[in-house]
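Order of writing sets the chain letters: A, B, C and D. Residues in each chain are counted from 1.
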């Protein structure tokens, strides 16, 4: 098993200094997280874990705002008629049990399913980055926004751990970011696969308590 | 658990038709796979699984050549002095136990560790794609080469399942490829993480016997 | 001077077959093309050339629709507060006389200036690709949409020839497309620079009459 | 005509401070710059301008080394059998008069034509970035290397102004760099197209004398 992150606490305060971090909220949209959402309906085996993540995120975002920390929403968006979706991607959704027909494609621009959850609705100073991939850096403005905003240590949250979260995990590595996954703010549709993803991401995983302590400068 | 791939056998013969597939060999280089290699020395907990993958790959490649199937090597390559490696990437290697100092950076161009294993040495008609990332599509010619060569169904092999292989898995999804991971031709440095990665990649995993049957047109 | 495109007419009918082409409409938005638009106000030295392009485009698009040819809008979009704009980009706008202050940044999402011109308003079956660059492929879904839609020979139109149009010209080359610039459907803010850009793009430039002839199958 | 760069001299010394700049040498390889090179033979209408650029570059690089400024070679590289070259790219080379057959493809890895000119041979501490595009950022490590090396103000040199140089010009803009084109260290195969390209790039063009003055801190 890979070791957990080994920064000592002093440097962690520095690494997570409010002006160089941001909370990234991935895929917290109706199609992924609400009863009636296309992917939620087919794939969410333990919906209570998604509800728990929403609760944790509401708190994490509130504290982040208090510290002046930036909030960046990573919002899945496909074009009408899934005009941007390769046949192989549709086939993957079907073979993974995530879609039955083309009508199940989630997050079509302008639909209810594409919208971010009411509890996590963006505020005017938040940023929203559209994306249409597992790795949120792919074909999106994510790298540009992080650099322009001076974000050196992004904190990733959202669903699903074993799909877009871990896909973006490798994006952070390839684009050269120091970063963390906020443990309690991430979950997956399938508990076994969630555990698998968290195993692989462990060296970059951090508990919310530790994050909050760093922000407040009280990390022991 | 996600379902296994559900193509019926007839269509599998079509999907894996020799003129539309290729064998992709990821990171089978001394620094990753040979005693004395920097990552191998630090991370390979069960070296015998790497030796087994080499044996499987020698056979898979031989049969592939007999069918006229293209072989594409994905070769990790860093510049001298790790000139292309972000500080956060170096930090990741350290926190994951993969490097102690900058001298442990693997696959510096021109070094022994950068070379592909003798048993798997490329032949003149094979293609070699340099890359320097977990997701082999990142900053590389991989997408271009696959499209120019007409490869619609790449078959991925190599090490390490829980790093570059799964990173590239998400690259295939984002770039819109139908693809497979050849089960016996992939392994990981850490057995527990290997199992985790294979869980996540299961819908795209296929056994070598099934691949060979499709190539020979004898899939039942 | 580079030679003009040398396809004979028969093959041109094939190359521009309605099912493998699309009309791409670049930056035809208020901030670039309407009195009151930020860039238009500062940079458009010969506004009548923009009006002429609008007229030509209205006709080209109408004929394209009659042939069932796809229309794809490439719509410049920046985040509120120019959150995605690097300081060097802002400096470039200033040194090029295109912006005086940060308030001149064009095409902020949700503003009037970001909207496509009324005369060229997209219809329900058209596609809109957001982008925030000179090369429209950069950080956008353009390559994906073209491939999913089977577009092998895109036809580029819009403004400004010596900025986003020629930037995207090199994108087409690098992504491996056969493509054309529709001569009368392109212009630039500065007549001298427009001529310079058209010189460089000449091998891929085609007159509207020739395009229409190919679509109708009557190319002599 | 767009205005020339308007930084006052004090800030120019800062912008071009040796630790935040680098000299980028684009395509100075035999196939582009030497008698017998494939592109040179077909396209170089005024070879003496290329010889002049070589002479200027030898001096610029020598002074840069004296200041400890990094030298980064951008080296065009195609795979054997042009395995990475889309059919549309080959068609472009033919329609532009740059290639007659597939055998004219320049810069195949391992060939003489791929090598950098002897007069400009890299030294051990220089960096070499492989690329296979008009925009040198495309599918290459260029952005990563510049960021890791702390290069904020790259200076671009080489051939051909109306192809790879201007393609990379738009790459610099899209990736958010402040940058300059060193006027006397750039030329093009076709004098008319060279002038066109220099017109478009004028806001980012700077004379060698001005660069040298900034480096030496003596800019008036």
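FYI, contacts are C-beta pairs under 8 Å (C-beta built on N, C-alpha and C of every residue); 3 or more make two chains touch, one makes a residue touch a chain.
Everything numeric here is computed off the predicted structure, so don't read it as measured data.
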item: Interface numbering overlap (same over half, different under half) for subunit B and subunit D; value: same
item: Chain pair with the higher count of C-beta pairs in contact (C-D, B-C); value: C-D
item: Whole-Å gap separating subunit B and subunit C, where each centre is the average of the chain's CA atoms; value: 39
item: Rounded Å distance between subunit B and subunit D, as computed from the means of their C-alpha atoms; value: 34
item: CA centroid of subunit C to CA centroid of subunit D, Å; value: 27
item: Sites on subunit C at which at least two other chains make contact; value: 86-87, 139, 144, 147-148, 176
item: Partner subunit D, residues of subunit B touching it in the complex; value: 79-80, 83-87, 124, 127-128, 130, 132, 139-141, 143-145, 147-149
item: Touch list for subunit A against partner subunit D, complex; value: 144, 147-148, 176
item: Complex contacts: residues of subunit B adjacent to subunit A; value: 1-3, 5-6, 86-89, 91-92, 94-97, 133-135, 138-139, 162, 166-167, 170-171, 173-179, 190, 192-193, 195-197, 199-200, 203-204
